[in-house]
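Each in structure tokens, the structures are laid out below.
What follows is a pair of complexes built around chain A, which joins chain B in one and chain C in the other.
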Partner chain A sequence: MPNYIRNGLRSGFVFGIVIIFLILIGFTRVANELLAPLVKGTSQLPMGFILFMALLGLWAGASAAKRSPVLMGMPDTYQKWNAIISGLIAGIIGGAFVGLFIFVLGSIQTKGMDMRVYLAQLSPDAIKMLTLGRVAWAGAFSIWLIFVITGIAGGLLALFSDSFKLGERMSSSWKNMSAGIGDSAIAKTVNQNAVVRYILYGIFIIILLILPSFLGKYWNYTLGTIGIYIIMGLGINIIIGMAGLLNLGYVAFFAVGAYTVGLLTAPAPQGLHWNFWIGLLVAMVMAAFVGWLLGIPVLRLRGDYLAIVTLGFGEMIRVLVRSKALSSIFGGPQGVRDIAGPMIFGQRFTEREYLYLIVAVIIFTIFITIRLQNSHLGRAWGAMREDQTVAQAMGINIFRYKLLAFALGAAIGGLAGVMFASRNQYTGPEDHTLMVSVNVLALVIVGGMGSIPGIILGSFVLKGLPELLRQIEDYRLLVFGGLLVVMMIVKPEGLWPSKRRQLEMSDVDLPPETDALQVLEEQSSDQKLRGES
Partner chain B sequence: MAETSTSEGRKKSLSTYQIAQIIIGVLFITYLTWRLYTVLIVEGVYGPDTWLRFAITGLVIGGVYAVIAIGYTLVYGILFMINFAHGEIMMLGAFAGYFVFEALNVVIIDPINKVTFSNAYPVLAIILAFLTGMIVSSVTAVTLERIAYRPLRTAPRLVPLISAVGASIFLQNLAQLMFSPQQRTYINPQALERGAGWTVIVNGNNVVIPYTGAFTFIVSIILMVGLYLLVKRTRMGRAMRAVAENKQTAALMGIDVDGVISQTFAISGILAGAAGVLWGIHNGVVNHYVGFIPGIKAFTAAVLGGIGNIPGAMVGGLFLGIIESVGPAILGIDFQLKDVIAFSILILVLIFRPSGILGEVLSEEKV
Partner chain C sequence: MSSQNIVLETRKVTKRFGGLTAVSGVNLVIPEKGIISVIGPNGAGKTTFFNCVSGFYQPDEGEIIFSDRNNKHVDLVGFAPDNIVALGISRTYQNIRLFANMTAVENIMVGMHPHLKTTWFEAILRTPRLVKEEKDSITEATRLLQFVGLAGAGDELARNLPYGAQRRLEIARALANKPRLLLLDEPTAGMNNKETAEMTEFIRRLRSELGISIFLIEHDMHVVMGISDYITVLDYGEKIAEGTPEQIQKNPRVIEAYLGRGAAAGLHKKSAAADVVAQ
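Right after this comes the complex of A and B.
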């Protein structure tokens, strides 16, 4: 089978399946709403949906035509036909999948069956949109036609972009972008020039000081949540980013912090009524202690085991605090209410003052993180992370340093928990689900492990964006999961990686042995050159 | 000689870890003995009939754990990575089985007596459900390997693990968006109705052995034996073992390593799908979250038996199932806390015997 036909088939197949899944998860409906402002839709025709389909068809055709190799020395017409045929095939196949699927849905719909019982997103309205408000076969056929036409157009587009070198330019700019904000000129100046950096920090802090007064309660609250996630990101960064220990149960420490302060200051179920600040200190110590205690048995294990045990531990804490048997201690499923907070002039902190407090805590944590990074501790952790055996041979007491990383990371997690619980004046088992751990992990990975600006960026991206894009909120976790996979494949060092981590991770791209040898040779030749001069 | 000198050195000064190990061990054994003594001799609240009931529950759930655990162990044995999304693969299989039963329940064979297909031909219906579940899970597993794991094969260990976590979240939310978060009830054929079973009289009390339980246990045993034979006796199994031993050497011997890895994922998916349908038939409810806890438990079981070791996964699964059902009674705690017991067992095993019950001591590289 010629290459261009196979590429067309493959692209059509992949796009067909993906679009069926998009329909099944109801994303087509959201796309219709999002794209509707761009084109003038009528009440009869969902133009947003049609545009969405057309764009996907273009993409399918283009990607099919792109894969076909450019044959040197072949006449232009030949290539043109190649591109058009792959685009056409992609359109026909992809459209056939989607059209058939829509036809089936439409026919079932006309029989009067409510598919929502089984597939949640297929409401009658959604199916009406899919069939463009017509009879099943007509709607399916129109979609198919749209797909075929846009498929051909996509093939042509790929061809033209090739001849204009558009594709290369696009891909190179994409590469630049994906090379990370960390590589851009601004970031370089920020990284290298200390004065610029401090000025920027200063401006940032001033903005932070002024901003909350102008924002409403809602945004102060949201920013506070982002801030709490930044604190947690910085905490888990000590465990994962610095010491290289994968912890999937970070929420456990968060929960210990939240519950300790809750139980110490709330009127029920313990009725201790402690001062908030004492509670905060005790909570941090308690979290560190729990981290240390958990660390003793599990830190002997490497990577994967550690991940699962910590994950299990996170779930265990939630099960324990929720259980009815222990409700006299932890308050059971209802959680702990009326948790005390810091006072100012006899008044509880408002959302705005909490934001200030959280920012102060973030700055404190960043300070600690930077100091740790540059201390002998940070270096020991770095050595351990890169090669445990070598680090051990260098006389680093691995076990002790790992415990320390766990305890410190846990203390900061506990601090975040205290902030969270006292701001909400409530904490319950459902605040401490696995998703918290996953969110924190995701923001550190997306932002760039071991990089403070990366973590801040990561929390704004992962916690802030969904607030702005309410329509896609349902898809947040789905995108999260996909993003983690894609990040690991495309850019495992994160959006704004630290210099050191970038170097470490770049090893990944080197195929074993040969390239490493080449690099070594180049280095030695460099040294020779230097020696000669 | 070097070995003797190090072991002597160790004998002289115990590390913090070893001291902690001894203290935890002594405390644990003392507590366990005291509890056993209290429950069995002093209080004697539970008669033999109750213990039998616990054992049945444990064996059934343990069988399912074992089948899932084999999937983890197979993949771990070959790639040294935890396929974190395995539980979600099982969940998709459970959903597939649910839809088959649902569809076959709509098809009416005998309109007069309103006999549905799944009641008229229960064996066929069950086979269909299993086949669909296995195919769905297997295709998911292979696709997942192709998209999320294969590009990362040479990456540092954390990278594929995070990718697997991402895949797990992705699949879970995909299922939630597609099928809605509501809980769904399996419609079993009447022959396998939940709650019904043989009644045995022990100690003057009725003990019910549920049909679904017996069915689940037998099917899981058949799956385990089948898999064991597959790995030990067939050409494919030999190729898998060769790849597990050493990928490069296997490739030099003319084995298609990528193909074998795909096959391994396909088999682990088949087992997960079957486990999902078994879970649905026995427990009756399916939702998008149903794969998570069994997934973690099965991983625990795999570690318990020695990860990478197939008989170990079977033993570990059954052992974990029994511990989970008997544990709360022995320790005298709430039955809600059985998950806590499973994780505590995991931690205890990792303290005292990280290689698991049947596992050999793996080299540093593999662990």
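Right after this comes the complex of A and C.
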């Protein structure tokens, strides 16, 4: 089978399956609503949906054609129309998948069965949209036709963009631009001049300070949640990103922080009524202590075993605080209410002030992270991550450094827990489920392990996007999984990876950046070692 | 030999893996500023013995007495590798094991770890003491790079360095610990004649300029015979010979171990045997 046909088949197959998946999770309805304003039609047709399908068809066609040999630089063996054929096949196959699926749905619908019993998103309205408001076969056929046409168009688009070297020009101009930025005087000053850098940070912080005043309660709360996850991401980054210890029970430290501040400041069940700030400090110390304590037995394990044990520990804490037997200490399933918070002019912090506080905590955490990263500790952890045996042979006490990473990461997790519990004025066992650990881990992986901007970005993507796309909230886990799988394939080092992590993930030897190596090679072949010193 | 200070002395060191005795009752003495080699056929237990000294394996029997920087005698058996390093024994590896994604300077700075005094708390506060320590570390690392002939390559990633340079960087990293004893596991493996000659010269320099005692595993007989004060020969975990290079070259048991009994019996002239060993 010629390459171009295979590419078409493959692209059509993949896009077909993905679109069926999107329909099943109800994303097509979301897309319809999002895209509808773009195409104001007077007709009864769901124009947003049609546009969405057309765009996907275009994409399928283009991605099939892009791989065809003619565009890969082998014009002698293949004709240009091969690219169009690829697009056409992608359209036919992808359209057939989607069309057939819609036809089946539409037929079932006309028989009077309610699909919602099986799949919540497949309401009669949704199916009506899918069939474009017509009978099943006509709607399905229309969708198929859309795919065929847009598939060809996609192929043409790929050909067109190639003959103008659009992609190449764009990527080269992008490279020039980024190289230009990197080499420009401004960038160099920013990179090298600490004062300028701090001024830029200052401007950024001022924007951060002003922004919350313009946002409503809801957005301040949402951003605060994202911020708490950023803190946790930074904390777990010390454990996973710096020291390379896989911890799946990070929520344990979060819970210890939340419960410590809760029990110390709330009127029940302990009735201690401590000051919030003292509670905060004690909570951090407590979380660090728990991290240290957990680390002693656990850190002798490596890799998978460590992950499993920490996972269990995370659940253990939740079960403990939930248990009826200990409810006089921890408050049981009802949790702890009326947790104190910081006061301003005799008033509790509002959502906005909490956001400020959380941002301050983030900055504090970033500061600590950077300081640790750039010290001998960061180096020792890095060495441990790369080769534990050799690191030990460099005099690094592996166990102590792992414990330290655990304790420091735990203290920051505890800090996040304090913020969370105090802002909600409540904490209960259900705040500390496994999902918190999974979320934090996922945001670090998606953002880029070991990278501070990556963690912030990952936090916005994983905690912020679901807020924007409330409609798919039920499918957040599905999207999580999908996103993680896609990330692992496309960008295993994360969205915004740290430079070092990028190196560790890639096996390719990068070209040396300076001429020092050439000099070295010449030296080693021309000169005797004695002569050099 | 007895007139000199002894840096390391092993007494009847034995290491077993299940039923296999990898190292069996090996006695060995390393004098101060000595270059001592251990040779033997593949599987003779050389690297196992090395690993016993550096703490990666715990010997089942025997003592390893090390005289540390203060000339205090310590039995290394039972010590973890990191403690042994801190006492003043550094090592390199047969297959280079640098921290590939760290720069050359960072690699050396990791090697300085036992000499760093500051704590994590100081790292966060960035106290003057820590800043000074970091500055000193970088100066020292740069000096070491220069010493091993890698001046100017400090910011290169270890993985990007050419093979010979990686070997030298590994030695520089070991030197960062200011060792009293340096264990080199086949430092000339994979090198051509010219590079091997350079490395031999360099090892001599380590002794003459830094006063370090060197314990060497080496397969290249030219290197071993040319550089060693004393040679210990292991076969099946047992010491079968010990002596100066000349003595070893003439020793029939060594020839037998390398060439087999029949071949050794066939070699009547000692000079011919020495030639074969020297190959």
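The criterion applied here is as follows: the second predicted complex is superposed on the first by the 411 of 533 C-alpha atoms of A that agree within 3 Å, B and C clash if a C-alpha of one lies under 4 Å from a C-alpha of the other, contacts with A are read in each partner's own complex, and residues count from 1 in each chain.
Keep this in mind: contacts are C-beta pairs under 8 Å (C-beta built on N, C-alpha and C of every residue); 3 or more make two chains touch, one makes a residue touch a chain.
Note that the coordinates shown come from a computational prediction; the quantities given were computed from them, not determined experimentally.
J.: Just to be sure I read the superposition right, which of the two partners does A:Gly112 touch: chain B = first, chain C = second, or both, or neither?
T.: Neither chain B nor chain C is touched by A:Gly112.
J.: Just to be sure I read the superposition right, which of the two partners does A:Gly482 touch: chain B = first, chain C = second, or both, or neither?
T.: Only chain B is touched by A:Gly482; chain C is not.
J.: Which of the two partners, first being chain B and second being chain C, lies in contact with A:Asp387: first, second, both, or neither?
T.: second
J.: Examine A:Ser375 and indicate which partner it touches, taking first as chain B and second as chain C; both and neither are also allowed.
T.: A:Ser375: touches chain C, not chain B.
J.: Check the residue A:Leu404 against both partner chains and state whether it touches chain B (first), chain C (second), both, or neither.
T.: In the superposition, A:Leu404 touches chain C alone.
J.: In the superposed arrangement, which partner chain does A:Gly271 touch: chain B (first), chain C (second), both, or neither?
T.: In the superposition, A:Gly271 contacts neither chain B nor chain C.
J.: Following superposition on chain A, which residues of chain A contact chain B and also contact chain C?
T.: 389, 511-512
J.: Touching chain B in the complex: which residues of chain A?
T.: Against chain B, the touching part of chain A is residues 21, 24-26, 116, 118-121, 244, 246, 248, 296-298, 300-305, 307-309, 311-313, 315-316, 319-320, 323-326, 389, 399, 434, 438, 441-442, 445, 474-475, 477-478, 480-485, 487-489, 492, 505, 508, 511-512.
J.: Spell out the part of chain A that touches chain C in their complex, as residue ranges.
T.: Residues 368, 371-372, 375-377, 379-380, 382-383, 386-387, 389-398, 404, 408, 500, 503-504, 509-514, 516-517, 519-521, 523-525, 527-530, 532-533 of chain A touch chain C in their complex.
J.: Under the touch definition given earlier, write down the residues of chain B that touch chain A in their complex.
T.: 15-17, 20, 24, 81-82, 99, 102, 147-148, 151-152, 154-163, 165-174, 177-180, 182, 292, 296, 299-300, 303, 333-334, 336-337, 339-340, 342-344, 346-347, 350-351, 354, 364, 367
J.: For a test of understanding, state which residues of chain C touch chain A in their complex under the given definition.
T.: Going through chain C, the ones touching chain A are 54, 56, 80-82, 85-86, 91, 93, 97, 99-102, 106, 109-111, 113-114, 116, 118, 120, 123-124, 126, 130, 133-134, 137, 146-153, 155-157, 159-162, 164-165, 173, 177, 194-195, 198-199, 201-202, 205.
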